[in-house]
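Have a look at this one.
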Amino acid sequence: MRNINKIGALSLATLMAASSVSASDYGSFDGYTLRVKLIGGAQYEPLYTLIPEWEKATGATVDILSRKSHFELDREMKQDIAAGNTDYCVFSNHTNFAPQYDVMTEPLDGHISADVLADFSPLVVSHATVGGKLFSMPRHSDVSNMYYVKSLYEDADNQAKFKAEYGYDLTPPATWAQASDQAKFFTDAPDRYGTHFAGKDEGITGRFYEMLVAEGGVMLNDDMSPAFNSEAGVRALNWFVDLYEAKAVPAGTTNYVWDDLGLGFAAGAVAFNLDWGGWAAYFNSDDSKISGDVGIVLAPAGSSGKRTGWSGSHSFSMTKGCDNQAAAASLITFLTSHDAQMLEARAGILPTRTQVWDDVIAEFKAEKNDYMVEIFAIYSDSMANHAFTPPLIAEWGEISNALWPRLQAAILGDKTAQEALDEAAEDVLEVMQDAGHL
Amino acid sequence: MATVTLKDVVKRYGAVEVVHGINLDIAHNEFVVLVGPSGCGKSTTLRMIAGLEEISDGDILIGDQVVNQLPPRKRNISMVFQNYALYPHMTVSENLGFSLKIASRSKEEIEAAVQDAADILGLDELLERTPAELSGGQRQRVAMGRAIVRHPDVFLFDEPLSNLDAKLRTQMRVEIKKLHAKVKTTIVYVTHDQVEAMTLADRIVIMKDGHIVQIGTPLEVFERPVDTFVAGFIGSPPMNLIDGTIKNDTVVFSDGRSVPVPPDFSGKVVDGRRVVFGFRADVLMPKGHTLAESGVLHDLDLTIDLAEPLGSESILLSSFGGKDIQARMHNPRPVKGGEVLSCELHLEKCHLFDAETGQSLRG
Amino acid sequence: MPSRTKTVLIWIVTFFIMLIICMPGLWIILSAFRTNGEILTKPAIWIPQNLTLDNFRAIFGFGENVVGIPVASYFRNSLVISITSTALALLIGMTGGYAFARYSFPGKKPAFLWLMLSRTVPGIALSLPIFIIWSRLGIIDTKFGVILVFTAINVPFTVWLTEGFFRQVPNDLNEAAQIDGCTRWQAFWKIEFPLAKSGIASAGIFAFLTSWNEYALASQLTRSTDSKTLPVGLMDFTAQFTIDWAGMCAMAVIIIIPALILTFLVQKHLIAGLTFGGVKG
Amino acid sequence: MTRLRRTIRENAVPFALISPAVLIILMVVLLPLIFSFYTSFSNYRLIRPDSLWDWVGLRNYKRIMGDWDFWVAFGRTVLFLTVALNLELLFGLGLALLVNKITWGQRTMRTIMMFPMMFSPILVGFQFKYLFNDTIGLVNNGLQSLGLTHEAIPFLVDRWLAFFSIAFAEIWMSTSIFAILILAGLFALPKDPIEAARVDGCSNWQVFKHITLPFLMPFIYIAMAIRSLDVARAFDIVDVMTGGGPAGRTELLWTLISRTAYDDARMGRANAMSYVAILLSIFFTWFFFNKLMEARKHLGAF
């Protein structure tokens, strides 16, 4: 969901490096036209340049019906379901959203061989599985870690001042409490703020959710009734409230979505920034004001000792109405193949195949790209040990929509954290009742 | 031969009948004026002849052809509208030539016809102007020009002079009369102005409430109105009408005064019958100021309330038989209010109408 | 106050107001020729250092930063959809307006009012039902489907304006033309239509602007490059590159220009059309 | 039945002429409305097509009645419309009077005045989102460069500033409609009554109040009627600028409906909300339309 950024396109040379594909791997579908809907955007497009190879190998043609951002694709999907308009074959999916499309989704269990699946990270596969059925094939993953401006932390003056004020050494934050202190410390408005966060839509829901988990809370009880209006929930929410009150984040942060964060950090507007791997290369590129000055640590931990690690994967799914499921499965397999994932990983995007992790790190090492090596080390740690996914239910969207305006209300000071969460819980209860969970 | 014949023509709007089965024969080259107060159905009748309104019942014939179902353009008529209906986006010459252009006539032919019409109506100077640049009278003339250009069988005029000032109206009236003499076409002309009707018409058709009340030459309708309505409508000033009762061959009025029954009506009324006695101002005159030398005269003394001098004559306002009446004084002399004049009434030019129905008792 | 001072004061006020009116648009246009780097920097750079056409090149697929948006297709779609739906709305609206102006028939008043009220239904309330019905009819994501909807939302206003205008044209003229040998149709076409021209022109420009600028419905009914209009295209532009303000501004300029030209051409009719058609009718 | 047939036959021509207009409206407006009216009594959720048949009676409406957020949005929408329409009228009137006063360059003024009308609402939204941006926005940059403030003013966040910002965008876009119509009214203003009033000793203000303004009223009402037909287009602006947020501070009925319908996928409930919104629109239009019709008659007197 969050990779909707404009980041430098891959060089042509990298594309050429992808090895050619043989028919034996992907079958033959001469003359068949496979209709697909794909997520669009600069980051996603390079992968699609491989499609002609698949076409050449199988004799089929790919007809891309839609190519748009996942938000719009989500709307389109829902409309397609409503209108019974799902006569295409393959669509871009996201593991957190996949349960919403269950009506139109053909589980991939019978279509993808166990051998192939075995090459994927088990955690990622489990996130893509709903009720024992594999709803989609993960393409690349998503988890956030902490980027910071190195020079700010290395500055002796800053270190001394910080120690004097807060009583401990200035190092990149290990806990969210420290992060809060440091954000206030580094704020020099309006030129620089301590940090910022995605303050609306799915962005703030996700951030709240991972903070909730880090504070030891849960979103839903086992019976699917809301549980986020707990003490842990209030603590989680108050972290945001506190920073906003202290003006350690830009006042407009409640209007930010993910792109604003990455670009803002690259523009040097904040001291540290929790973000996903896809930005890493950009932060260190010529377009970035802080190029060469970027450090990374694991996402900080909450009071429960658990680190934040909201995670999910972009993926590909097949429709129930698909008229050539073999061809659909073939394309899905192709687009999640080792070579395909290498292509995306070179740009810093997190692969879902375990082998690709090793191979891409080896490549970076060979190129002496220490920065990217470090990035991948951190991300591989967090994917392996700290990543978790939100409840995989179709109502996630509705829960999110019930939550985020209330979270904003608390952050902006219209309501207390407890009031805001209680109100949201009431709505979520209604949603779950209507959906027949309760 | 363009006669116009209306047979039992009815017009209904939904359930409301506004023209109740009228019959009318108009001869070739005849100038017929439909006259009546507003709402009498005269315009509707004209528009039915034009084909602008459908007829609900009956037949309309132009020549020998039943035109009930024909659209206006197939009736070979032309029409001059009250507001002239000149096409504002065309010049005068385009206005004049429009109908011929629609009929796909050749350019030369159109030019010739336009020139012809312009000559007849003196529009030469105005041909390149647009209607907005014309005076009221000029527009009126263009409207007529447009009507004559196509040499129609029938000319229809819908209150064409009502938007002109009094002087221009008189002038245009003459021009229309001249035009009729020149183009020799059947004309149906609608007006609410009885003077126009009297001066222009070969025959006048007087309408009221969707009925034809009387058809006749101007003189006929003036001298022998069929009922009190016509009597009151035609002529200026309108006919004096006084309620009375017959007693011993005299008409006795509410104020006790009486006059003999006019000679045309003697024997047609019995004692006790309630009537309306009618006479025009012209037939009641002060002695010594009359024009009539002979006839059946009846002497009356009138107390004059007011005299309106008009130059060669005066209108005298007085009270008689319980009503305000008007008399006429030729070769007038000054008259003071309250003065009593002895007058004479030309009895053979007086009328008796039934008090209930208003119909003339002439029989 | 001396009239000299007064005049100067009026000019100052006018200038200030015109500035408020123009500034946002001009800033957008200016930004379209600047680089993102220059726009987004803090502190602000007020005087452009270097103006560039790169943003436009990118949109149209030239140069280094090719943006994956088929603006040319969107532009064509917008043109086809706007022009067709405007023409249809004018045709349908004109016939309707003519009937309301020239005939009396049972139910005329309520029919007119309800026709107008149909326009007030917010597009957002219609979009999904229309979407579902359209997809059952198989006209979703087609220019035809969008044209149909745009025509419908433009018809009420067109009826209203043209009705007022046809009432301005005296019925006598139509009758005179019929007597002059025209069929009803000829009378309409040769006499009444030319006279109602400025009303029709202003109805037309309103319909065109509405179609050209409509977003709420178009965004639901169009999906592919075969049918997407420019405003919808703008949206997918932003969805992928949220903060490429310069590129967006360039696209904005592309959307505005045709509307600008059109409005310029018929602005005289526009004022006359609105006044006489709407008010005096 | 025969009566109906007769009515149709007698009015065949006008019926035939309005039928295309009526048909297309039936198809594109009424039919969908009937469908959505039905769904407002169901638990229809987009992602569960079967739920279309899940009849819940008045539940959606009952919930709306008790939904505080909905009524806040409702109240805010009414406030927004009232503020926006009145200010547009006021500014439009002022602008028209000003332009009418200017003799030199009036044509240019008139053209400039129409500039905002050509903007797509969605463009207007982006434009002001950009201008009011708290870090890179023109307004903030301007204020900071002029030294008027050193803080980034959160135009799109603060409760009243956000409302002000969306209202500003709406007013910027639509004032020109009022200005044009009122200007047209001023052009058509007859001179005689004004001269008569001056002879009678009226001051400038009295002339304006007693002669000019009454004459302009029909023009004002037509502008109001046109605007109220289109006022829901403000949705595009608000949707782009703030999406109704943050924390629902700029939530209008339309943004709420849109989110409930598409993001929540709860179509039944959204449609129930729609019907309340439609009633509101109809009320506004009805009101101005009646005023307009009265004023039209009145104008005949001039």
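We just call them A, B, C and D in the order they show up, numbering each chain from 1.
Rule of thumb we're sticking to: contacts are C-beta pairs under 8 Å (C-beta built on N, C-alpha and C of every residue); 3 or more make two chains touch, one makes a residue touch a chain.
Molecules present, by chain and UniProt name: A = Carbohydrate ABC transporter substrate-binding protein, CUT1 family; B = Carbohydrate ABC transporter ATP-binding protein, CUT1 family; C = Maltose/maltodextrin transport system permease protein MalG; D = Carbohydrate ABC transporter membrane protein 1, CUT1 family.
On a predicted model such as this, the values are computed, not experimentally measured, just so you know.
**Student:** Note the shortest touch-path length, in steps, from subunit B to subunit D.
**Tutor:** Counted as steps through touching chains, the separation is 2.
**Student:** Just list the two chains that share the greatest number of C-beta contact pairs.
**Tutor:** C-D
**Student:** Centre-to-centre on C-alpha atoms, which chain is most distant from subunit B?
**Tutor:** A
**Student:** Compute the distance, rounded to whole Å, between the mean C-alpha positions of subunit A and subunit C.
**Tutor:** From the centre of subunit A to the centre of subunit C is 40 Å.
**Student:** Return the distance between the CA-based centres of subunit C and subunit D, expressed in whole Å.
**Tutor:** Subunit C and subunit D have C-alpha centres separated by 16 Å.
**Student:** How far is the middle of subunit A from the middle of subunit B, if each middle is the mean of its Cα atoms, in Å?
**Tutor:** 94
**Student:** If I count partner chains per residue in subunit C, which residues reach a count of at least 2?
**Tutor:** In subunit C, 40, 42, 128, 132, 235 touch at least two other chains.
**Student:** Can you pull out the residues of subunit D that are in contact with at least two other chains?
**Tutor:** 46, 135, 144, 262, 267
**Student:** Taking each residue of subunit A in turn, which ones touch at least two of the other chains?
**Tutor:** 79, 82, 84, 190, 269
**Student:** Just say which it is for the chain contacts: an open line, a closed ring, a star, complete, or other.
**Tutor:** If you draw each chain as a dot and join those that touch, the picture is no line, ring, star or complete graph.
**Student:** All pairs of touching chains, please: list them by chain label.
**Tutor:** A-C, A-D, B-C, C-D
**Student:** For subunit B, which residues are in contact with subunit C within the complex?
**Tutor:** Checking each residue of subunit B against subunit C gives 50-52, 71-73, 77-79, 81-85, 87-89, 98-99, 102-103, 146, 150, 156.
**Student:** Can you list the subunit A residues touching subunit D in their complex?
**Tutor:** Listed in rising order, the residues of subunit A that touch subunit D are 75, 78-79, 81-82, 84, 100-101, 103, 189-190, 199-201, 250-252, 254-255, 264, 269, 394, 397-398, 401, 405-406, 408-409, 411-412, 414, 430, 434-435.
**Student:** Which residues of subunit D touch subunit A once you look at their complex with the stated criterion?
**Tutor:** Residues of subunit D touching subunit A: 43, 45-49, 63, 69, 133-135, 144, 150-154, 156-159, 242-243, 245-249, 251, 259, 262-267.
**Student:** Which residues of subunit A touch subunit C in their complex?
**Tutor:** Listed in rising order, the residues of subunit A that touch subunit C are 4-6, 40-42, 45, 65-69, 71-72, 76, 79, 82-85, 190-191, 257, 259-260, 263, 267, 269.
**Student:** Quick check on the complex: what are the subunit C residues that touch subunit B?
**Tutor:** Against subunit B, subunit C makes touches at 170, 172-173, 175-184, 186, 190-191, 194-195.
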